[in-house]
Structures are given as structure tokens and as C-alpha cells.
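Just below sit the structures, each encoded as C-alpha cells.
Each of the two complexes below includes chain A, the first together with chain B, the second together with chain C.
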Partner chain A sequence: MRPAAPALSPLQFRLTAAGVLAAVLPHLAHLPWLISGLVLALIALRWLQRGRGGKRLPAWVKLPLVLLFPVLIVLHYGNLFGREPGSALACAMLALKLLETENRRDARAAICFSAFVLMSALLFDTGLAITLVLCCVLVVLFAALRALESPRTQLAADVRTAAFALVGALPLAMCVFVFFPRLASPLWGAPSDTTARTGLGERMAPGTMQELLIDDSPAFRVVFDGTPPRRQDLYWRGPVLWYFDGSAWSRPEWLAAPRDDGEVRVLGPRIGYEVTLQPSARHWLLALDVPLGAPAGAVRGADMSLVSRARVDDPTRYRMVSAPAYELEPTLNPLHRRVALQLPPGFDPQARALAQRWHDEFNGNANLIIRAALDQFHEKFTYTLNAPLLGRNSVDDFLFDTQRGFCEHYASAFTFLMRAAGIPARVVTGYQGGYFNRLGAYWVVRQSDAHAWSEVWLEGHGWVRVDPTAAVSPQRVQIGAGAAAGASAPWYQARWLMEWRNRLDLVNQLWNDAIVQFNALRQQSLLTPFGINQADYPQLMAAMVLAASVLLGLFAWWVLRASPRAGDRLDSAYQLLRRKLARAGASPDATDGPLTLAARMALLLPGDAAVQRALAAYVGLRYACALPAPEQIRTFARSVRALRLPVAT
Partner chain B sequence: MNTRLAPVPTSAVALDPALATALERAQAQVNQVVLGKSAPVRLAFACILAGGHLLIEDLPGVGKTTLAHALAATLDLSFQRVQFTSDMLPSDIIGVSVYERESGAFRFHPGPLFAQLVLADEINRATPKTQSALLEAMAEQQITVDGATRRLPSPFFVVATQNPVELAGTYPLPDSQLDRFMLRIGLDYPDPAAERALLAASDRRELLAQLRPCLTGAQVLQLRAATAAVLASPALIDYVQALLAASRAHAQIRVGLSPRAGLALLSAARACAVLAGRGYCVPEDVQAVFPGAAAHRLIPAASSNASRDDLAADLLARVPVRP
Partner chain C sequence: MNTAASANAASFRTRLFEFAERRLPALTRYKRVEVLPIRLDRRRIYVLPTRFGLMLSALLLVMLLGALNYNNNPALLLTCLFAATAYQSVFAAFAALNRLQVNGLRAKPCHAGEMLELEFHFDIAARPRRSLHLHGEDARADFDLATGDGVCLRIPAPQRGWLRPGRLRLSSQYPFGLFEVWSWLNPDFAALVYPRRENHPPPLPRLAAHARQPADRGGDELATLREYQSGDPPRNIAWKASARRGELLVKEFERPRGGEVVLDYAAQRGLAHEARLSRLAAWVYLAEATRQPYRLLLPDALVEAGLGAEHRHACLRALALAPGGAP
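Now for the complex of A and B:
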């Protein structure tokens, strides 16, 4: 039997446990709360048990736990395979590994497994923030590995070494990143999750957009070819909703049938632009009203909404041309007319009556009816994100009772009124506005810019956009939903904060462009200038090995170049002191000893005691003792760094 | 020099206050007689503290003998002066065994070397034979006559003076024998102010007669013990070694400094630290004693026309103090 391996020192164990905890933390966002709680509790209990000098846990404690987790996971997810169940199982097993971590071999295994669990967090998110968090966790893991090498290390030294190792590994990682053969797909062939994300839906019921309006994550980014339209003209067209069932608006599937361009008459200039859509797990593509044609892989429906054949699971980029001035469907298709006048029977009698009254009063003049409806909104209604709940007759409740709400309430009520008054109308959802990012010269449209408006069909004009929200709150269209909501705007939509978020958005955009979207094509374009036109895997591997060797050689040279005395912190601190003295006019010669300099400084700056103290401290450390204590050297170095001397003219 | 120095940490080795005062007084007293020569006086004291022998080399009449006499009068030691001449024999300084009729045996009559402080005036007037007798005694601290070895008193301190070697009628000391002197100092002409004070004041000989001894032999031995205990840190030893190495690598130096020269340099630097009231050496101590300790030991290359003092100064200017 082999002799028992030496037990871990307290610091070694704590660092290992901290590494395990840190590796699990990025997963907490998606783990079910029960498993999160159990994992955290296991780590905490083990920490306490070990801290009190507890004994090795018996198998009858560990074995049931090992069986419990898979059962819980299967109960929650339905199986053990796939991204979520797999990482949940990994987190649970990692926490269990900590239970039996008693010696160095166990700790090494726990740390290596932590690194794997940590890496699997990238399957969920490849953003810059999570990458930075992962780097921090790696420092903890490296520090734990280093602490395992010797029981007498110090935490600060471990962390320093770990950070140094991480930074040292960066060039090598970049080299492998650039040269490693990759498939023509994004960085991780990660399976996309199937849970719903916030984004425009295919249904719109009162309140469904509320979640969106407080979500500030970017929906898409746009770069215009020329001068962009004014902000209030930026209506980004998404799903068009025709069918109202009394509570929600939805879109009949058959309207997706593509139609030819003849239905749109372009009246003004065309605007070219490029859209980068964030993953939405849906099929919608967004385009400026009204899109001319559809990007490759997508179709334009009869109602001018764009639908991609593939679900948007990765950032998607496409070019579009739109016409801000247009005449849409000058002659209304009879089928469309029927759908655009559809109303659910038995709902909202008051609204129907009001619309009927207008119809009679204005003799069916559509313009006057629209004017009357907008005037009513303008006079009596309030724009707010905190809309009261509505009952069964949602339009009646809203029009005659609450009179408070945001875009979807207005679009819904307005469209209802128009239909009831005999004017064909439909609800268009999408986004309105956007923020120009001066740093990156692009527009970013956030989820909180989600908007809903109406289109009415007028004889001789075709479909005309009417935004009832603009009648209530013109600011909503001019400066954005958050600002228009005023006091009810969440604090994080403050102006100064938006400025900073624009900057952050640029950084994220760059990260996304440079790292996450780096694919085989980009890799090839990087290699072409070096004469590699069609890189095959062996060539790429050769390039990778070559570049890595050069980097490692440079690193080795840098490490070995240092003379034995280069590590002397006292010398480097004294050199800094001499540089400061030189700036103060002492012109220190290489043969000037510290006392000579002290005498010179006493003449130059007679009142300056700090210089004299610093030089005296150096003499004390360097010449008055055989081996200066490290903490004294650190104190000296600090005092030198803090020393401020007048600069000689 | 030390008045402007920074307040450096007090050392582990502190001199007994009485001893420190006595040392101060002794230096002050010598400086009263030898005007405007505080640096050579300091080196002379460093030499005493380091347990070496002193060679004062300069033109006649600049105060070599006066300095030696002032030292002798200040130190409460048995004193002998030997004026070297070309017809002097070794026995004239060592002593002779004389047959005594009453006892029927030879009895040794000690020469002037059997004193604690010996002033060997104009040492280069004596023949090499006599010179060697003196230098052997200095090195061994003992004399062997007629097969009997006799110890010299302790402390034993020789102050030799000599005229510059170029002068006629002299036997220049060979390089190997110069090595026996720990320090060689020059006095040079006094500066105008000191010279004026010298001319205006009364006769030096009268002044010398008024001097009171300040340091006893026992105190000198205590000071020597304190000197030996002065800390030379690794950094300082680095510096001394760098100086030695530079002297051996210098293009204009035929023979560089020996390890014995290095020991002498370090001892003198330690003494210098004691004189400054420190228990540890700093590079400035080494720099202060380096010309005195090294110049007379350097042998210039045949092609060089630089003087030994120039070479020593050049070495100091070449070797950087750490870092």
C-alpha cells in the first residue's frame, strides 16, 4: 500500500475551494435554483467542516449525494445530456469532488475539473464581460495550483504569480486563436438554447411589451451608407399584426407569402444600410420602413415584414435598401381588406359605439376620423410605462377608464377604433429610434426601443403609418421611450448613463466582431497577405507551431535575460530614487555613494527631510545590515515612490 | 565632510562615549599643529585604528616630521625617533647583543624599534639592508637576533617619512616593501590661509612641547577592536572587489592590487567608518581611503606616463557604486 499523501495546508485547501466556487459561479445564472443552492451549500459546508478540522467524510454520506444530483437533473431537464443538464451535472460533481479533496492529488484533479466547468460557461455566453470574469477565475485556479507546490507560500505571492502566468499565456492563446483550424461557423458550435428570449413576439397583448421596454440590451446595430434619416423617422418594421381576438393581436401565417415589388411605389430617395441583428431565437428581420426587397435567405411578406428562413440564433448581418417615402399597395387586395376590418364579436361595445358615432358624424371621411381619434388621445391620455391592468374588454377599459399606457395600448386601441369606423387598419410592431454611437459611427437600437404603431389604408395613398403614441407623447418618438416616460423611467435610462452605455456597446461590438465572429473566412483573409492563399489544416498547424515557437522563444529570452541582480527590489527602488534626485538637479554620478548624494541634496534642498530620510534608509538597508528584511525593503520602495521632489529648471 | 551628512541609522557597534571623545580630541589636537591638513590627519588616524603603518611622502619642509611628532605627542605611547642615514646598519635600529664581562654572557641592548610608536624619518636615505630590517620588523611585529625571537611592544605603529623618490642621494623603497605600509599619504603645500596662520604663529616646536597625550595605548587597542568589528556589508565588499578587479584590468597598470591591498583597503575603510562614528562601512569610506591605500601599490605600465595617484583617481572614477 502506498504511503498516504500529505494533507493539504489550510491555505491550499481554501484556495482550491475558492477555485471550485469561482468556477461554479458563472453557471448560477442558468442552473435551477435547487441545484444552485445545493452546490453552494455543499461548498460552504465543506469549507466549514474542513476549517474545524473535520475528518474525512465516510462513503455513506457521499454516495447518496452522487446519486441525488443526476436524479434532480433528470427531473428538472428531462435528461442528462445537452448543454444545460450537462453543465449542471458538471457543477454538481465538482462540488462533490471538493468533499473528498484531502491531498494534493485530489486538489489537482479538482482544479483541472474546475477549469473544464469554467470553460463550459462559454457555451452560454461568449461576451466580453463573461470572458473577463473567466480570466479572473483562472487567476484563482492558477494561484491554487501554485499553492499546491509548496505549503509555505503566501497568498499575495500566489496570486501575483498566477496573474503573471495568465498574462504570459495570452500571446500564446492569441497565436492559437488565430491559427487553429476552424470550421466555417462561429467560435463555439454551441447549441442554441430553446428558452424564449425577450424580443419582438408574434403576438401582442396588453403588457407583453413591458418586459421589452425595460430591457436595455441591444436588439440590432445599423450602419447607414449616407446621411441617416431623422431620429423620429426611424421606424424599424418588424412583424405586422392583423388578427385581433379581443385580447391579443397576431399574424396569420398565410400572409408570409412573398409578393413582387410592384406593390411599392418609391416616391423619394433610397437609403442603403447594413444591419447586425443580435440573436433573437426568432425568424424576424428588422428593416427601415419600407424595405425594398429581402436579404438572401429571407422573404418579404405581403405586409412588408421580413422573415428569415433560418432562425436568428447567431449575430446576423445583412444589407438592406429602404424607401422612407413610398406608396404601399395603392389598390387594396380584397382579402387584405377583409382581414384589415376584422373585429372580434362581442368585445368592447363602447369603443365600437364611439367609432360608429365618428363614422356617422364625419360621413365616413377617414382623415377626419383619424384626426378625431388622435385629438382624443392627445387631450386625455398619459404616456407611462406603468400601465394599469386591463380587463376582458381591454380596449374599452383603456379608452374610457385607465387612459394610461404605452405604445401597444395606443396602437391596439387606435387600430380597433379605425376598424370599427370602417377604415382598414393593422398593427405594426418593431422598433422606433435608436442611439447614434459617435465613437463607432453606428446606430444601436435597443430592446427598450420596441414600439408598436398603426397603419391605415387610405384611398389614393395606400397604407399610411399613423403613430398614435406620438399624439400622446411626441417625445417618445423624438427622444425615446425611457425619456418620454419621465419620472417612471428606470434610473438606468438616465442620459449620462446612456452615454457610457454607448461606449460599452462599442467595446462589446468590437469584441463580437473581432473574437466571436472570427471564422474560417476571416482567418483566411488574415493569412492571404502572407502568401497563404488556400490554407489547409497542415499549413495552419505549421503556422501555429511556428508562431508559438517564436513567441515561446521570445518569452524564454525575456526570462533568462534578467541578470541575477535584476530581482533585487532594493536596487530598483534605489534606482528610482536616483532618477528622482536627478530630476531634482542632484546629477548623481555612477560613483556617487548615498552619503555623497545626501550631502548634495542637503545643499540643494536644505529643508527637505524626506530625501534625507530616504537616503538614510537606503544606507541602513544596504550597508548597515548584511541582509535587509523584505518588508523593510517594501517600506523603503513605497516611501521612494511617494517621494515628491521639485524639478530642477 | 561628516558635518553635512544625513542622519544615518546608528550602528549596532557604538563606541564608548569616553573613547569617542578622546578620539575627537586627539584629532583636534593634531590639527592644531598641522594646519589645514585635516584629510591627511584623518587618514593618519585611520591608519592607527586599522593597525597599519603609515608612510608620509612629500617634499622636505611641508610638515611631515611635524605631523609625526604631533601624533607621537598626542598618543600616550612610548616613542622613538630614528633619523635614517646612508651609513646606518640594521643593528642601529634593532639593537645589539653586547658581551658583559661581569656576567660572562651576551646581553641584548634593544634598539629604537622597541617602542610603541616609531618615527622613521627619511627612510629612503638608508641603505636597502637597513630598510629591510625595519620593514621585516613592521611585518612580523617581532625581531629575531642571535636566534632569539623578541616580540615588539603592542600597539606597534611605525610612521615613516620619505622624500619623493626622484630626489638624489636616496634609495627608493622597492614596490614589494611599499606594500608593507597600509597607507601612504602626502601633505602638499598648505593653502594660503593655513600658511599665513603658520607664519604668524609661534614656533611649531614650542607648540609640540605643549601637546598633552589624549589616547593611551589601551585605548588605541580598544579602537582597533572596534574597527575590526565594523560591518562591511555584502554590497560594500562588492564595491571593494570591483575596485580590485578594475585595477587588474586597467590598461595602464602593469600590476594591479593584491588581495593584501584589498584587505588593507577594507581595514582602512572600516577605520574611516569608526572615525565618522558609524558601525558600518559605506562606499564613501572606501573612496576616502582608496588613494592612500592603493596608489603606492599600483605599478604603472611601462608605456604609461600617468602617476600612481592619477591611476588611483582614474580607478575611482571608473568603478560605479552599486547599483
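Now for the complex of A and C:
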């Protein structure tokens, strides 16, 4: 029978537990609170229990927990497989593993599994910050491995060893990262992302965008070829909503079938630009109003919204050309007219009456009706992100009661009024504005720039954009939603903070560009400087092996180079001492030994004890012991370097 | 059944290794006896991944596949960093042994049945060495070397005579336990193992009939100092030492006045060969304790009468090397 493995020392256990905790922490954000709490509690309790000298827990404690977690996960997510339930299960199992970790084997398994859990955190967030943090967590894991390897180590020494090893491995890691052939298509099913990311939806009810308007994460970034349009002209077109059911606007299925038959007459210059869209888990692509054509892999619907065939799960980049001045659908398709005049029966009688009054008053003149509506908004309404809730007749409630709201409320109410007055109208959602990042010379459009406006169809002009929000709060279109909301702007949108966030955004953009979006296509062009335009797998592999060999060779040379022998180091320190003495006027001969020098220095500088001490120390190290300890030699060298002597005249 | 099978397997392994050593001297030449100092270099340092290293490789493969499949570059970067750190640790492991030198080997004689303390002296070539393990057949020492300190390996000494520590394995899994580097040390060294001491020996034999007179105390082998007793001749007083201690001390010389004890192998009738040697060894200590000079008579060796550490060693050595012991 094999002897029982020795139990972990307190340091070994604590480092292992720290590694486990660090691996679980990045997951807490998306785990259900019950599981987060249980996992943290388990780790904390185990830490305390082990700290008090507790031993392995009995099976009747562990077994119920092992069964409890899968049950909880199934109850919460519906199944055990997939990204979220899988990572929740992994976190739970890792915490349970810590419960039974008593010897080195267990601890090593726990550390390995921690690395895996750590990596899976990157499936949820691929940002620069999280990646950097996780790389730092690797220090903890390797420090734990170091401590597990030898029970005699110290925490500081473990961490130092691990940190040096990681830093030393960076070049090789980068080399492998760049050259390791990427898969052109996944081996098994791509992850299905079921979480609702904030982003534009296919439905819009007053109030649904509220969450979006306070989310400052970037939605997309844009680089213009030439001069960009003015900020207030930056209307980024997203889904167009036609159908109103009394509470929400949506895009009916049969219109969602993309048809590229929209008619556009370009009236002014064309603007070319490149958009890098952040993952949205949706199919929408954003483009400056109004897009001419669609990027590859996407289609432009009749209402000029762009729909990608593949869901946008990775950062996506595409080139677009848009025309800011246009005439859209000069002759209105009868089907479109019917949908653009649709109103749900039995809702909002007051608004209908008002629109009917305008229609009669202005004799059906669309321009006057629009003006009347905008004037009303301008006079009586307030722009705020804290809009009161609306009842069943949402448009009536908004128009005649609360009169406070943001873009959705205005776009919805305005479109409703237009339709009721007999003018074809529809709601367009998208983004408005953007921040110019001077450092990176690009525009970043954040989720908080989400916007909704209306389009009305006018005889002789086609679809014309009308932004009722601009009538209420012109600043919204000029400086952004948060600022326009005035006092309700959260503290984190202060100006100086925005400056910093712009800088940070540049770094994030570089990260996105260089790392996150690095794919098989860009990898193939890596070897272009060497005359290979489309590198295939064997060429990439060869390049990787070559580069890695060079790096490994350099690293091996650096690690294995002969460190100067202790004696040599002692000698060089002594030579330095001799040079200092020579400058002080001792004029040492090559044959003068340290004792001769000491005698001479005693005459030259009678009061200087430091010189005598240094010479005596050298004699002690060189002649009085067989092999001086490196620390002693270092101390001697340090004292020689610190020695200050008067220069002889 | 099981034990028989495992014994079979073990003997097969032994035979396989013996065959390998016969046929592939290049692989095993560094296992032969060598003269000190032994310097470890790349020709004689072997490296293999540990079981844990292999397990980690499997995990890395899974991580790599996952990251590639989901086309998740940050995850791939993390995996690459993890892997590069893990695999580059092989150099640190190698550096833990590289240029290490065994300068000296010492052992205090011990008795058969006790543990022999082998003391190794290393030259670390100005590089602290961590997590070294020295394995003998039944011995193991784990240590770090920050300086050229001695390292003690306790190996069992079952038999009297010369004990060769044999082939030792110096290994390390520094820094993360992913790779094991090792080298064989087979220094040309033998330690003396005295015979086993009888536990409760009978009293010493009577003094020899031809005991000498104590007149001969003028022997100049200084043995020890003791306190002055009235009647000690003044010329034996150690004046300098007395001045230092503040009381009178008297020099004791090697040949005290009593007669000598003869430890005779032939006189121990009725005992087996080894038991006789054990008894004689025990008596050596007894005679030393009572400070009676003793002489040792063995069938093929003779140690003249005497007292003191040197003499004791000479006697025990003669006993240790008596025929019938370890080669």
C-alpha cells in the first residue's frame, strides 16, 4: 500500500484557494445570485475550516452539495449544457473540489481546473481589461503550483518566481498566438448566445430604450474617408418599425423579409466610411442615413435598413457608402402606404381627435400639420430620461398628461399623430451622434446614443426624416442624450471623465483591432512581407515553429547563461574598490595586496573606518573561507559601491 | 498471485535495464563509478515531463481547442500564455541542475544497523538551487541549496565493512512540478561501517596478567585535562590552561597507571563470528568509558594497547574489516 500523501501546508492550501477564488470571481457577474453566494460561501467556509486545522470533509456533507448544484442550475437555466449553465457548473464543481483538497494531487487538479474556468470567463467578455486581469490571475495559479512543488517556499518568493516565468513567456505566447493556424470554421457548434445584450431591439415601446440610454459601452466605431458630416447630421439608421399595436412598434415579419427594391435618388455628395460593429447578438447593421447598397453578407430592405445574414456575434467590420441628401421612394408603393397609415383600432381617441382637427384645420397640408405637431412638442414638452409610466392609451397619456419623455415617446407619439392625420409615417430606430476620438481619429457611437425618430412620406420629397425629439430638446441631437437630460445626467458622464473615456476607448479599439478581430483571413496575410500572400496552414506552422525556435533559443540562452561565478563577482567588486582607492591617492601597485593597501590607507585617511572595513571584509571573504555565500558577496559589493572617498589632488 | 506477478514484472524490468546498460553504454555511462568532483552538465542531465505535466498538457489541448473553436482570441491568448509559461519552465528545471558540482562526500563511520549519514558538499556555481531531491535505494533527502552547504543523506547500513552508497539520483521538479530533471551520481566513495554493537555486553574481561607498571606515564600522547587532585606531580600541571580556567588542571596522558584489557576474539567461545565481533565492539566502548587501555586480538589482525579516539577507531576498523563482512 502506498503511503498517504502528505497534507498541504497552510501556504499551499491558501494559494490554491486563492487561485480557485480568482478563477471564480470573473464569473460572478453572470451567475445567478444564489449560485454565486453558495460558491463564495463554500470557498470562505473551507478557508476558515482549514485555517482551524479542519481536515477532509465527510461524504455526507459533500454528496448533497454535489447533487444540489446541478439541480439549482437546471432550475435556473433549464439545462446543464451551453455557455452559461456550463460555466456555472464549472464554478460550482471547482468550489466543491476545494472542499476535498487535502493533498498535492487534489490541489494540482484544482489549479488546472481553475485555469480552465478562468479561460471560460473570456467567453463572456473579451475586453482588454478582463483579459489583463485574467493574465494576472495566472500569476496566482503559477505561484500556487510553485508552492505545491516544494513545501519550503515563501509566498513572496512563489509570486516572484511565477511573475518572472510569466513575463519571460510573453514573447513565446505572442508568437504562438499570432501564428497558430486559426480554424476557418468551428469544429462543433458555435456558442449560442442567449443573453439579451443591450442593443437595438425589433420592438419599441415607450420606455424600452431607457436601459440603453444609460449604457455607455460602445455600439460601433466609424472611420470616415473624408470630412465627416456635422454631428447633428449623424443619423445611424437601424431597424425601421412600421407596425403599431397600441403599445409597441414592431417590424412585421413579412416586411422583415429583406427586399432590395428601395428606390433612392442621390441628391448630394456620397460619403464613404468604415464601421466596426461591436457584437450585438442581433442581425442589424448600422449605416449612416441613407445607405447606398449593402455590405457583403447583408441585404438592404425596402425600408433601407441593413440586415446581416449571420448574427453579429463577433466584432464585424464593413465598408459603406451613404448619401446624406437623398430622395427616398418618390412614388410610394401602395402596400407601403397602407402599412404606413395603419393604426390600431380602439386606442388613443384623444390623439386621433387632435390629428383629425389639424387635418381639417390645415386642409390636409402635410407641412403645416407637421409644424403644428412640432410646435406643440416644443412649447409644452420636457426631455427627460426619467419618464413616467404610461397607461393603456400610451399616446394619449403622453400627449395630454405626462408630457415628459425621451426619443421613443416623441417618435411614437409623432408617428401616431401623422398617421391619424393621414400622412404616411414610420418609426426609425438607430443611433444619433457619436464622439470624435482625436487620438485615434475615429468616431465612437455608444449605446447611450440610441435614438428613435420618424419618417413621413411627402409628395415630391419621398420619405423625409423628422426628429420630434429635436423640437423638444435641440441639444439631444447636438450634444447627446445624457447631456440633454441635464440634471438627470449621471455623474459618470462628466466632461473630464468623457475625455478619459475617449482615451480608454482608443486603447480598447486597438485591442479589438489587433487581438479580438484577428482571424484566419488576417492571419493569411501575415507573411506578406516575406513574399507569401496567402499563407496556408503548413506555411503558418513553419513560420510558428521557426519563430518559436528562435525565441526559445534566446530564452534558453538567457536562462542557462553562466552566471558570473561568485569569485568573479567578488573580484570585480575588489577591482572597483582598488580603482576608488587609486583615485583617493593610494596609487596601488599590481602587486599590492589588500593588507598593504589597508596600511597605506590608514596613513592617507586615518579617520576613515569604511575603507578599513571594506578591505578587511575582502580579506575575510577571499582568504578566510572556502566558498563565500552569494549574499555576503553582494553585501560586500554594495558596500564598495556605496563607498565615497575624497579625490586626491 | 498478484505479488508473484509484480515480482515477475520487477525482475523483468531489472533484466531489461541490465540489458540496456550492457548494450547501450552511451545511455548509461554516467551511472558508473566516478571520481569526485562530479560536475553536472547537459550530457548527463535527463529531462522528462512528469505525470502532472502530461495532465496539464491534456488540459491545455482542451483549452486550445475551445479557444480556436469559438474563435475567441483573448481566450487563445490566455491559453498561449499559460502554455508558454508551463513549457518554458523546462529551462528553469534544467538550470536547477546544470553546472551543479558535487565537490566532496563525507561520512562519519556508524555501526551496522544504524543509519549512515552521508554528507554531500556542492558547488552551486553562484546560482541558488531549489527543490533538489537526492534518492538512494532506501533514502531520500529534499533540500534547497542557497550556498555550498552540506547536505545530509541518511542511508541504512545493514552490514559492517565498506559501504558504497551506490548510484544516487539527484533530481528536481523546479519550478512548477511539470518537468523532472535528473542525473545519476555514483561517486567513488566508500564509508566504513563498524560491526553491530552488542546491546548488553558482559563486563570487560579481567586485566591481563602482564599488566605494565604505571611508571611509564611519561608517554607524550596528551589525552585530556582533568582537575587537580592532591598527589599529582607538579610537572603534569597544565599551567596555561589552568590560568585560563582559574583552577588547577592536570594533563592526563595516554598510558594511565592501570593494566590493559585484552579483547581477544579467540576467547569468545560459544559465540558466532558476527556475535563475537559485536561483543568486542561493545567492549571497545566499555573500555573507553572506564578509561582502561585495551588491545585487540583478532585471528588475522592485532591492535596494540592504547586508549582514545584514534585507538578506538583503529580497533573498530579492524573489527569492521574482519573477514566475513561486506566486501
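Odds and ends about this structure:
Assume the second predicted complex is superposed on the first by the 532 of 649 C-alpha atoms of A that agree within 3 Å, B and C clash if a C-alpha of one lies under 4 Å from a C-alpha of the other, contacts with A are read in each partner's own complex, and residues count from 1 in each chain.
In the analysis below, a contact is a pair of C-beta atoms (placed from the backbone, for glycine too) under 8 Å apart; a residue touches a chain by one contact, two chains touch by 3 or more.
Just so it is clear, the structure is predicted and the values come from calculations on it, not from any experiment.
In the superposed model, A:P315 lies in contact with neither chain B nor chain C. Touch criterion met: A:D571 reaches chain B, while chain C stays clear of it. By the touch criterion defined above, A:F116 reaches chain C but does not reach chain B.
Of the two partner chains placed by the overlay, only chain C lies in contact with A:A173; chain B stays clear of it. In the superposed model, C is the one of chain B and chain C that contacts more residues of chain A. Of the two partner chains placed by superposition, only chain B is touched by A:Q612; chain C is not. When the two structures are aligned on the shared chain, A:I515 is found in touch with chain C, with no touch to chain B. Taken together, the two structures place residues 565, 626 of chain A in contact with chain B in one case and with chain C in the other.
Of all residues in chain C, those touching chain A in their complex are 52, 55-56, 59, 62-85, 88-89, 91-92, 94-95, 98-99, 123, 125-128, 130-131, 142, 144, 146-148, 173-178.
Contact residues of chain A toward chain C in the complex are 108-109, 112, 115-116, 118-120, 122-123, 126, 130-131, 134-135, 138, 142, 145-146, 148-150, 152-153, 161, 165-166, 168-170, 172-174, 176-177, 180, 182-183, 186-188, 190-191, 314, 515-519, 552, 555-556, 559-560, 562-566, 569, 626-627, 629-631.
Residue ranges of chain A in contact with chain B, taken from their complex: 565, 568, 571, 574-575, 590-596, 598-599, 602-603, 612, 615-617, 619-620, 622-626.
Remark: chain B residues 4-9, 11, 231, 233-236, 278-284, 287, 316-323 touch chain A in the complex.
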